[in-house]
Structures are given as C-alpha cells and as structure tokens.
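Below, subunit A partners subunit B and then partners subunit C, in two separate complexes.
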Partner chain A sequence: MYKFILPLRYFLKRRITHLAAAAVALCVFIVVVVMTVMNGLVSEFKDKNHDFVGDCIVGTDSLVGFCYYEDFLSELQKHKFVQAASPVVKGFGLLTQPGTGQNIGVEIIGIEPVGFCEATKFAQTLYYHKDKPSDVFSPTYNPALAGCVVGIDMISGSRDGAGKYHHGPEPLQIELMIICFPLTARGALAKAGTDLVNSKTVYYSDDSHTGLVKVDARTIYLEFKLARELLGMAGATPRASAIHIKFAEGTRLKAGVGKIKKMWNDFAETYADRQYANLLKNVTVQSWLDYRRGSIAPMEKEQTMLILLFAMLGIITVFIIFVVFYMIISHKSKDIGILKSVGVSRIAVLQLFVVFAALVGTVGALTGAGAGCVFLAKINDMEDWLFERFGWQLWDRTVYAIGDIPNDIEWQVLAVIIGAAVLAALAGAFFPGLRGSSKQPVEVLQVSQL
Partner chain B sequence: MSEILRASGLYKSYKMGQSKIEVLRGLNLSVQSGRFIAIVGASGSGKSTLLHILGALDEPDAGSVEFEGKRLDKLGAGRLNQFRNKMVGFVFQFYHLLDELNVLENVMLPAMAQSGIVGWLKRRAGARKHAKSLLEQLGLSDRITHKPYQLSGGERQRVAIARALMNKPRLLLADEPTGNLDSETGNGILKILEELNGNGQTIVMVTHDEKNAHRAQRVIRLADGKIV
Partner chain C sequence: MHNSIGIRRILNDNYNFFSTEQSMKQLSLFLCLKYLGGKKILLLSIAAVAMSCALLITVSSLFTGFIGAIENSADEHLGDIVIGAPAAMTISKYDRLISSLEASDYIEAATAVLSGQGLLHLGKGTGDVRAARIWGIEPASRSKVTPFANLLIKHKNGTEPPTLTAADDTDGIAGFVGIGVVARPDDVTDEYDFKQVNASIGRRVFLTTGTRELKPKTIKFAIADVVFSGVHEFDKDFVYLPIDVLADKLYPSQGKVADMIQIRLSDGASPESALAVVRGIWRNFAQKELGWSNYAILLTKINTSRQMQAKLLAEYKKQMGMLMLIFGVVSAGVVLLIFCIFYLIVITKQKDIAVVKSCGLSSASVGTLFLVFGFVTGFIGSGLGVVIGYLFTKNVNYVERLISVVFGLKLWKSSTYMFTRIPNQVNWESVIWIGVAAVFAAAAGALIPAIAAATVRPVKILRYE
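This part shows the complex of A and B:
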C-alpha cells in the first residue's frame, strides 16, 4: 500500500513534481495541437485531391492524349465495381479577357459535366450549379452562350482577408477568350500557315473551388467536345487525356486499381494492331494517391518531419523527467534506506518510483491533452478574434487555400500521445529509480560514524 | 536462555580515499534471547557498523552472523528482506521517519511492507489496531495523525520504537537511541527499552554513553574493532 500512498504524497507535497507534470502537460499540449492541425491539413488536402480526381485515373501526361477511349469506357461500364467513369481532355492555352490586353497561361480541362460529377466531387466545388451540374456550361444570364467554369482564385477580388469568397446572386457576364495550340496524334501542330491556333470566346458561368491552390488559380473547365476540338483531339479517331473512375462502394482502392490495370493491359493488347496503338503505350493506370503524389508527397514529408521534431520534443521530456527524478530520488535516498531497513525489496522500491512516474506522467498527459482539446475547440474563434482585433492570422487566407484551421481531434492519435507521454515519464524515471533502489540502506542511514 | 544471535570472526573495513580503515577485526559475539545488551565504544570504534551487520543492513568482509542458528550470509535477497521485516526492528539515532506519512502510517510501515494491496486490505484493520495499541503504550495516542515534523525529538523516537515493534520482532537493534535527545527525554526512552526487555524483548543497543550503557544487563566494550 505504501507503494501508492508514498508516490501520491510525494506528488502532492513536492513542487518539483508539479514542474515535471507541467513539463509533460506542456509537451502533450503542443503535440496534440500541432499534430491535430497538421494531420487535419494533410488529411483535408488528401481528401481535396481525392475529390478532385476520383478513385482511379487511366490517363497520359502526353498533350496528345490517347485514342479508343470510348471503347475502353464501354468496357469499364460492364463491371459492377466501376460506379462511374468519365473521359477528360486536358491541355494548355491562353486565357484573355477582351479589351484588357492581358492574358495568362491556363490548364484547360474538358469534361462531360454529368459523368465527371459522378466520377468525382466536381459538383460540390461549384457555386451556382452545385445542385444542377448538367447545366454548368449554360450561363444563367444567357444559356445559349458557351459557358466555362473558372478556378475560383482566377477571379480577382472574390476573396476577402478572412478567406471568405463572395458571390453575387447570379454570375457576372464575363467574356473570355481561350486560345489553344491543337496537336495531331503524332504530336505535330495540327494547323499550318498563319492560323496556328484555335480560339474560342466563352462566358463565365460558374467557378470551381477545389481548395487546391494550383488548380483553383490556373484551371478553366470547358464542355468536353468543345475542349476536344480546341485541343485538336476531335476527328475521326477522337482522343482523350484521361478517364476518371469512381469505384462502387465497398471496393478496396488497391484491388480496384489492380483490376483496372489488368483490364487496360488486355485492352491495349487487343488494340495493339490499330493505327494509333502507339498512344496507348503512354497510358498509365493509377490510384488517386499515386496520380496526385507530386502534390501530396511534400505535405506528407512535412508531416513526417514534424513527427520527427516532436519525437525530439519527447526526448526532451524524457530528459526533464530524468533530471527531476534524479533530483527527487537523490533527495529521497533516506526514505529508500528507511524502506529497506523495514524489509522493502529493491524491486518494490523501484515499483514505488515507477508508480510515482506514472502518476506524474498521467496527470501531466491528461492535463496537457485536456488543455489541447479545449484550445483546439476554440482555435478558430480565437483566430477570428485575433483577426478582427489585430488583423493577425495563422495563415494569410488571401494566399493559402485554407478555410478553418483543422481541429478535429483523432481520438486514437490522442490516446497514442497520452500513452507515449506516460511511457516517456516512466523512461525518464526508470534509471534514477533503478539507481536509487540499488542503494544499500547503510549507505544512506549511517551518520558518518563507523 | 537460548542463543538468538551469534557473530563469529567479523571483519569489516572501509575505503577512505587512498587509505583503508579496518573497523572490525575478527569480532566474536553471542546474544542470548531476552537479554538487554549495550555495546559501548569511542566514536569510530565500529559499534554502529557491528549493529548494521547484526541486522543485515550491511555485510561483513569476512566472518558470519547466525540468527537462531541460521547464517544470514546464506539467505537470499528475499529471505533477507523478510528477516529485516519480521525478525529485527531498528531504532536509529535520527529516528528516520518518513516525512510524508503520519505517525500511524509510519508505525504501520513494516506491516504494509510485508503485504500486497489485497493482503493489506485483509489485515489493515488488525495492523491498525496493533499500531494504535503500541502508540498508546508509548504515550502517543493523541499524536496518530500528526506528521513527524509536528513532534518533539522524544516523541519521534517513541514513534520509531513503535515502528520497530510493529511486526513483533525477536530482536530490537537500537543505534544511539538517545544520542539526539536531552537527558530527561533520553531517560524516558531508556525506560521504555527497559520495560520492553522486562516483557521479554531481546535488545542490542549501541551507545557511547557509559551511564546509559549501564542500564543494560550486559555491557560490551569495543575498541580497535574487537571486544575488550
């Protein structure tokens, strides 16, 4: 019983143990807050990428695209594990607003709105046509005009300092000129002479807010057939850049992608003797994670670096606990001698200090975790308050595509952090405890008389 | 009277810097059950060292100690802990009470040390009763919830005696029990020891005070690491 009474009394009586618990609490608080925000950002970023492209992408990076995609689409639609599949054409062009004399380079994505919204969550990124994406290329102010959807950050002034976007009740009638350089299936310029380019005037119909900075700042969405013509992919053997696929519920990503890969290999083999079969060699089948790896990997790397940094913070915690316990146990060597003189074993003395460390670790970890949860629950309110009062923001919303600061606590992560903090406390106390428990009673109880 | 304790050919030395100090040099001692023995000697004569060896708080370099016919050096760590817990009770010059525990808890400490949580829950009531009765015998019944720092020196030493007697040990070892007390208080402590001995308790007491030593039934003088 003394193994519980004594640690509790040591904890309540000695201020230095409060400092040790405070050190644990502070470390846990920081780790909980930063890991929650960072995990939230990474997880949110991954979700946005997933929403943007669907589950699986059969496509090519070549600007030429690939042929026979319609046949492969028909093949895909025969399988129940494929819930939706939609072709996409991609290319680059210049966007200019007539009268301004300015133009910018943009990525052009041609989509079939209904199919693409089934394969991806594109509909959710729209503002005016969220509920009826089939009409997204028909401007509400004149449905007869050729509409376009632009990345939300291409519309200047639509975002305020707090990061909120503002829209009128109807889209503004903005005329935009798209200029493209169509390519043949062999990769040569499709047009000769002075008229090298295809151009088309389109009208702002809606904007898309994917939350992906590069996409929202440099992408214009056009109707599939229009984009295909502008990019030179129409004709007797039409081409597409990719097919975006959504798997039926319950299909595991890896298994689904594996099946599509096999299907594609069989398809490419069947079409090997066709005229444009060489274009099929450029096509890859990737999961959304692999397809967007270039964007996601740097963030994951940052997350890994943060975890390493916090592992170092954990080592510092262990060291603080080590120092505190070293001091406490040095100060309590008389107690060790007394306990041993009444028959307490070395292991029991060690257990006493382990219980003491567990108490310090648990109290510190729970306090830090509790404070972290409260702080996270109020983090956005606090940021809003700071912005309103002092104009201060954690991230400049005019620059970063971040809405609210992520504050959803992952309880499993929280449990791991608390567990790790208690273990760190135990690790920090173990060696001083071992050293203390090894002392002979006579070493500490003898009063210099021989 | 049976022999409770026998020390044979005890040697003990300590290193002090470069030099080696020989404290005990082939000491022999026999203690009969129920006796009150005082060990006297000058400071540094090895009397406290002898007491620690007799109580298994320290080990001799050579020689052996037998308690009721069993050699202590042959006991494993667990049995030695049991020996310290049940067979001997220590009273130290500086009381050595745990500051974080109150008087009653300090007295119950040896009983707590011998049981786990479940065992302690079973025997707590009995241990509490016994501890209270010891404190009552020693005139401390009104001090059971006090912390050691709230007690006088004499009271602290009486608490230390109660703790030493908690597990009804066969042998009580007292190391300068009055060394830190004024003569009147020290006299009170010696009276308690005499009473305990009167009730059959075997006591070995270390003291440098000749007057105190003569309160015991037998006085052993230590000089140059040997009994003289």
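This part shows the complex of A and C:
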C-alpha cells in the first residue's frame, strides 16, 4: 500500500513535482496539437488522392498510351474482387477562351463518367452534377453541346478570402477551345504535314473540386471518346492511358493489387505477338499510394521530420524529470532509510519511485492531452474569431487549398503520445530511483546525516 | 546577524592567515565557484540551452534563407520592377519606352517580354508533349536585366551575349528551354542527367500556341541552349523564343509588341523612388505614344518583383513565425530545466552555502553568484548553440546528401521545395536575438534558485541537533 500512498503524498506535498508534471503537460499539449493538425493534413491529402484515382491503376506515363485495354477491361470485369474499372486517356492541351486571347496549358483527362465515378469518387468533386454524373458532359443550358469539366481553380474569382467557393444556380455558358497534338502509336505527330494539331470547341458544364491544387488548377475533363479523338488515340486499335480500378469491399489493397499485377502479366504475355505489344511493356500496375507517391511522400517526410524534432525536444522533458527526481530522492533519504530498515527491499523502493514517476507522467500527460483536445475542439472557432477581428488566418485560404484546420483527434495517436510521455517520465526517474534505492539505512539514518 | 559576527570572530581568532575580512570573502567566493564549477549537472543545462538555441537558429535560418531565395529568384528572373500590360492588351513601340526608362538615373536597363502559353512536342518519335510557358525575349537586353546568360548551360562562359539563331530547317528560329523541359531529375538523387540535357541541344521541336483569332500557330525551332536556374518554377516548363518571332505569330498585324517590361535598377536606387519614376515614365509613354485611356493606364500593373511575391512570402513568414513560436514554447522547457538544476544545487549544497555565508559572503553576493552562473550557463550554451546552428545550416546540403546516401531518403526535392539546393544562409539577425534570449532565459531559470540561495540562513542550516 505504501507504494501508492507515499508517491501520492510526495506528489501532493512536493511542489517541485508539479513543475515536472507541468513540463510533461506542456510537451504533450504541443505534440498533441501539432501532430493532430499535421496528421489531419496528411491523411486528408492522402484521402483526396485516393478519392481521385481509385484503389489501383493500370497505366503508363507515356502520352502514347497502350492498346488492347478493352480486352483487359473485360478480363477485369469477370472477377468479383473488382467492383469497378474504367479506362482513362490523358494528355496535354492548350485551353483558350475565345475573346480573351489567353491560353493556358492544361492536362486533359478523358473519362467515361459513369464508370469513372464508380471507380473513383469523381462525382463527389462535381458541383452541378453531383447526383447525376452521367450527364456531366451535357451542359444544362444546352445539352446538345459538347461539355467539359474544368478544375475549380481554373475559374478565376470563384474563391473568397475565407476559402469558400461560390457558384451560380446554373453553370455559365462559357466557350472554350482545346488544342492538342495527336500522337501516333509510335509517338510521332499524327498530323505531320498538315497543321499538326487537333482543336475542338467545348462548353463549361461543371467544375471539379478534388482539393488537390495541381489537379484543380490545371486539369480539364472531357468525354472519353472526344479526348481519345483529340489526342490521336482513337482508330482501329484504340489506346488508353490508364485503367482505374476500385476493389470490392473487404478486398485488401495489397492483395488486390497483387492479383491485378498477375492478371496483367498474363494478359501482356498472351498479347505479346500483337502489333502494338511493345506499348504494353511500359504499363505498370500500382496501388493508389504508389501511383501518387510523388505527391504524398513530401508531406509524409515533413511529418517524420516534425516527429524527430519533437522527440529531440522531448529529451529536455526527460532531463527535467531526472533533475526533479534527483532532488526529491536526495531529500527523501530518511524515508528510504526507514523503509529499508523495516524490511522493504531495494526493488520495492525502486518500484515506489517508478510509481511516483508514472504518477507524474500520467498526470502531466493527461493534463496536456486534455488541454490539447480542448484547444483542438475550439481551434477553428478561434481562427474564425481571429479572422473576423484581425483578418488573421493560420493559412491564407486564397493561397492554400485547405478548408478547416484538421482537428479530428486520432485516439491511437493520442494514446501513443500519452504512453510516450509516461515512458519519458519513467526514463527520467529511473536513475535517480536506482540511486535512491541503493542507499543504505545505516548511512542515511546516522545522527550526523539527520 | 549576531551569530554571523560571532562565527567570524571565532574564525578570526583561530586562523591567522585569514587576517582580513577581504580574505574571508575571497575564500567564500572561491568555495562558491568550486561548488558550482565542479557540478557536472551544469553541463546538462548548457547542453539543453545549446540544443534549443541551435534548433531555433537552424529553423529560422533555413526559413529566412528559403524566403530570401524566393525573393532573389524573382529578382533574378523578373528584374527589380515589372510593368505588366492589362489582360489582352500589348505594349507596342516598347523600344521607345525602354529608351525613356534607361535615360533615368534610377534605371540601369530594361527589356521587353511577350508571354504566352503553348504546347511543346519534343521531336520525332518521342511521344513527348508537354504544356509550356513561352516568353518572347531579346537575349542581349535580357542579359543586362537578369543574369540570364549565366544560366545557360552551353553559353555560360561566353564573352558575347547569347543569341537566338539556328539552322535553316527551322527558318532560322532557335529557342532556349528550361532544363525540366528536356530532362527529368533523378527520382533518388534529384539531379539532372547532363548528358541527356546536352544531347537535346540542337534538337528540332514543335511549339503550338493559340492566338486571339483562335487559329493555333505552330512554330518549329531548334533548341539553342538549355536554361538551368536551379529554381524549379523557372526550369520546369519555360520556352524562350525571339520576341519578334513570337509577336509575328501571335499578333501578326501589330509589329513589335510586348506585354511585360522588366527593369533592373541602378545600384543603390531605392525601389520605392524608382517605382514612382517608372510610373511617371509609363503614364507619359502610354498617354502620348500609345494613346491609352486613363483607365487602361490604371489597369497596368507596375510593381517590384518582391511585391509580386508578397502574398506568398507573407504566408511563408507566417509559417516561420508559427514554427518559431511552437519551438520557442517547447524550448521554454529549458528554462524549467535550468531552474530545476540550479534549485537542485541550492538544495543539495545548503550547508556549503551556509558555510560561505558564515565566512562573510553576503546574501546579495550569493544570489548574484548564482545569477551570474545562470548567465554564464546561458552564454556558453548559446555560444555552443550558435556554433552548432551555424555549422548545421552551412552544411545542410551535405547532411541532406548524407541522409540520402545512407538511408536512401531524399528529403529535399526541387519539384517540392522550388530550389535545387537548400538555401544555407545563416540569418545573423535571428542568431543575435536567439542567442541573447537564450542567455536571459538561462538567467531567468536561475533567478528563483538564486533567491533561494540568498535566503539560506546559516544559523538554521549549520545547527547540530
């Protein structure tokens, strides 16, 4: 019992221990707040990437694309673990708005709206056709016109200072011209000898807000067949750039990707003697994480760097606890001497100080975590208040594609932080505890020592 | 008080060599320094101060270096001041405007740019098409405004200004392209393959760009040189063509036109004053030579290149402030640590403090001594921190490369962080304030223990019961 009563008494009576607990609380508070925001940003960014591309991508970086994709699609559809699969063509084009004389280079993504919305969460990124994506390329003001979907950040002035996008009740009739180089299956210009390019007038039908800056600022979505035609991928042996796949619920990502890889290898082998089989060699099968690795990796690295920096600073907390315990134990020689003289073992004395350290660590960690949770719960309100009063935002929403500050607490992360804080407290207290437990009653209870 | 005098008297009676009160004080001081100086735990507080100091200096230097690099890259690429024509308008007779500008003492040189966007096909059978930003330039005048010639891979060390002429099969048209147009940095090392880059020089490529008449125009040109600025934004997709060729394609009936005038100021010219001068010259030129309305003149954007980056820079500065605040708050733990260490010393050395006080050292002297030790700890710690922060910042590119080689982890990529190299300039302004703050923080941590030491009562501590 004394193992619990004494630590409690020390904790309540010795003010210096409150300082150690405060140091732990401060550290935990900052780590909880920063890590929650950072984790939120990273996982939000990952989710956006996942939503944008689906679970698995069979595709090539080459703008020439690859042939026989329809046959592979048929293969995919035979398997139950594949919930949806949709072909996509990708290329670059020049977008011109008549009358403005302004051109911008864009990435063209040609999609079959229904299939693509099944394989990805594209429908959720739309504004006017969220509920009926099949009509996304039919402008509401004139369904007979060829429609297009533009990245939301390509529409100037649609975003206000608070980061909110504004839309009219109907899309505006905006005429756009797309110009692109059609390429042959060998990578040459398909229209060499003529004017080299294909052009087509399309009309704004909707916009897509994926939340991915580079995508929303430079992407135009066209109907699959139209894009294929423009990029020179139509013809007797049509080509596609990628197939986006969504796995059935319960399919593990790694297992699903593994199966698709095997299927693709078998398929490529079967088609090895076909005319354009060389294009199949450039095709890779990747999970969404690998496919978007280039975008996701920098954020993950920054997260890791931040964790390392906080770990370094956490060492200071360990030292504070070390010093505080050293001090307390130096002062509690009499207690140790008395305990040992009545038969308490060295291990038991060490346990006493371990319990004491755990108490300091737990109280500090819980206080810091509690304060962190309260702060996080109010963080967006505080930012709104600061913005209304002083025009100050943590991130300028006209610069960054960030909505609210992420404040969803991941309980696993919180548990890890609390656990790490308690361990840090135990580490800090271990050596002073060991030193204290090895004191001999005969030495510390001498009259001269009293 | 009486006790203290009594002890002094006894000591004076018994030890002849302590013949004066001064010698007693010196002995006390010596003992005190010995107690404090011999404490290994003080090294811990020095290490903590050094670590926090180094961390804050590194973060601040890297951030300010990054912000400075953005400002400099804008200066280098755009000049000091930019006149931007309103949307869908062009500046004709720009030679006269440039002459008027260059006549001013504030301005060293000016150059015209015609900008657009296009689609670049990188030659036969490559299947490589990419979106490109096109600038029509005059290489000779551009070299006076920006260090453009130094950024060219082939003509870097040439004595003559670079030119844009090529073989006949491209109608004599040559262009420069950003290094990112012809090569991709290695995924692991983030370095370009210069063999591949050099091989691309001379290659014939096709550039298509739209016009106001909605008729796409294709320009075939030879790559005369490759521009490598080390700034991803300017390397990734820029194509430079002769301004007259681009003007002829985009605005065939308008002669020589530009939509941007980039200006380099004379040495020592104040940007604010120069901006006023440029605005005056522009207003005069636009009214008299171009016959523009006041509204069109008002719509013309005339800014320093730094003002053009102001919004982005303000965000980076805000982020730096937040990061410094977070690390600063966490570093406040160092103050707690120093407090704990000094308090520990006071508590464990109460008897010694009582002895030296009884030998004649006043309470104020004891307190001051602890405070001075706090300052010294802070001073040594911050000095070490400055050295570590300086060495780390200066060698950050080697450290990054080492991590990349040892762990295969490429932390810095130009495509993510804009620059090929990590800016490694130490921000001495922040070094000074961080260093000074560290010294005072250490002293603040030692303040309460110093008071505790000063209030130690020898009569209470040294009694034997």
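Here is the rule we go by: the second predicted complex is superposed on the first by the 428 of 450 C-alpha atoms of A that agree within 3 Å, B and C clash if a C-alpha of one lies under 4 Å from a C-alpha of the other, contacts with A are read in each partner's own complex, and residues count from 1 in each chain.
Here is the rule we go by: a residue touches a chain if its C-beta (ideal position, glycine included) is under 8 Å from a C-beta of that chain, and two chains touch if they have at least 3 such contacts.
These figures come from a predicted structure and were not determined experimentally.
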item: Touching partner for A:V323 - first (subunit B), second (subunit C), both, neither; value: second
item: Broader residue contact with subunit A after superposition on the shared chain, subunit B or subunit C; value: C
item: Partner chain(s) touched by A:R9 [first = subunit B, second = subunit C, both, neither]; value: first
item: Contacts of A:N282 with subunit B and subunit C, given as first, second, both or neither; value: neither
item: Touched partner set for A:N142, first subunit B, second subunit C, both or neither; value: neither
item: Partner chain in contact with A:L94 - subunit B first, subunit C second, else both or neither; value: second
item: Which superposed partner A:V342 touches (first subunit B, second subunit C, both, neither); value: first
item: First, second, both or neither for A:N265, with subunit B first and subunit C second; value: neither
item: Partner chain(s) touched by A:Q77 [first = subunit B, second = subunit C, both, neither]; value: neither
item: Which superposed partner A:Q124 touches (first subunit B, second subunit C, both, neither); value: neither
item: Partner subunit A, residues of subunit B touching it in the complex; value: 14, 21, 23, 43-46, 48-49, 52, 55, 57-58, 77-78, 81-86, 90, 92-94, 96-98, 100-101, 105, 109-110, 112-115, 117, 120, 124, 163
item: Interfacial residue positions of subunit C with respect to subunit A in the complex; value: 41, 44, 48, 51-52, 55, 87-88, 116-119, 121, 124-133, 206, 208-212, 214, 216, 218, 237, 311-312, 314-315, 318, 322, 326-327, 329-334, 336-337, 339-341, 343-344, 347-348, 409, 411, 413, 415-417
item: Subunit A to subunit C touching residues, read off their complex; value: 16, 19-20, 22-23, 26-27, 30, 34, 62-64, 91-94, 96, 98-107, 177, 179-181, 183, 186-189, 195-197, 199, 218, 294, 298, 301, 305, 309-310, 312-313, 315-317, 319-320, 323-324, 326-327, 330-331, 394-396, 398-400
item: For the subunit A and subunit B complex, residues of the former touching the latter; value: 1-2, 4-6, 9-10, 13, 334-335, 337-346, 348, 440-442, 445-447, 449-450
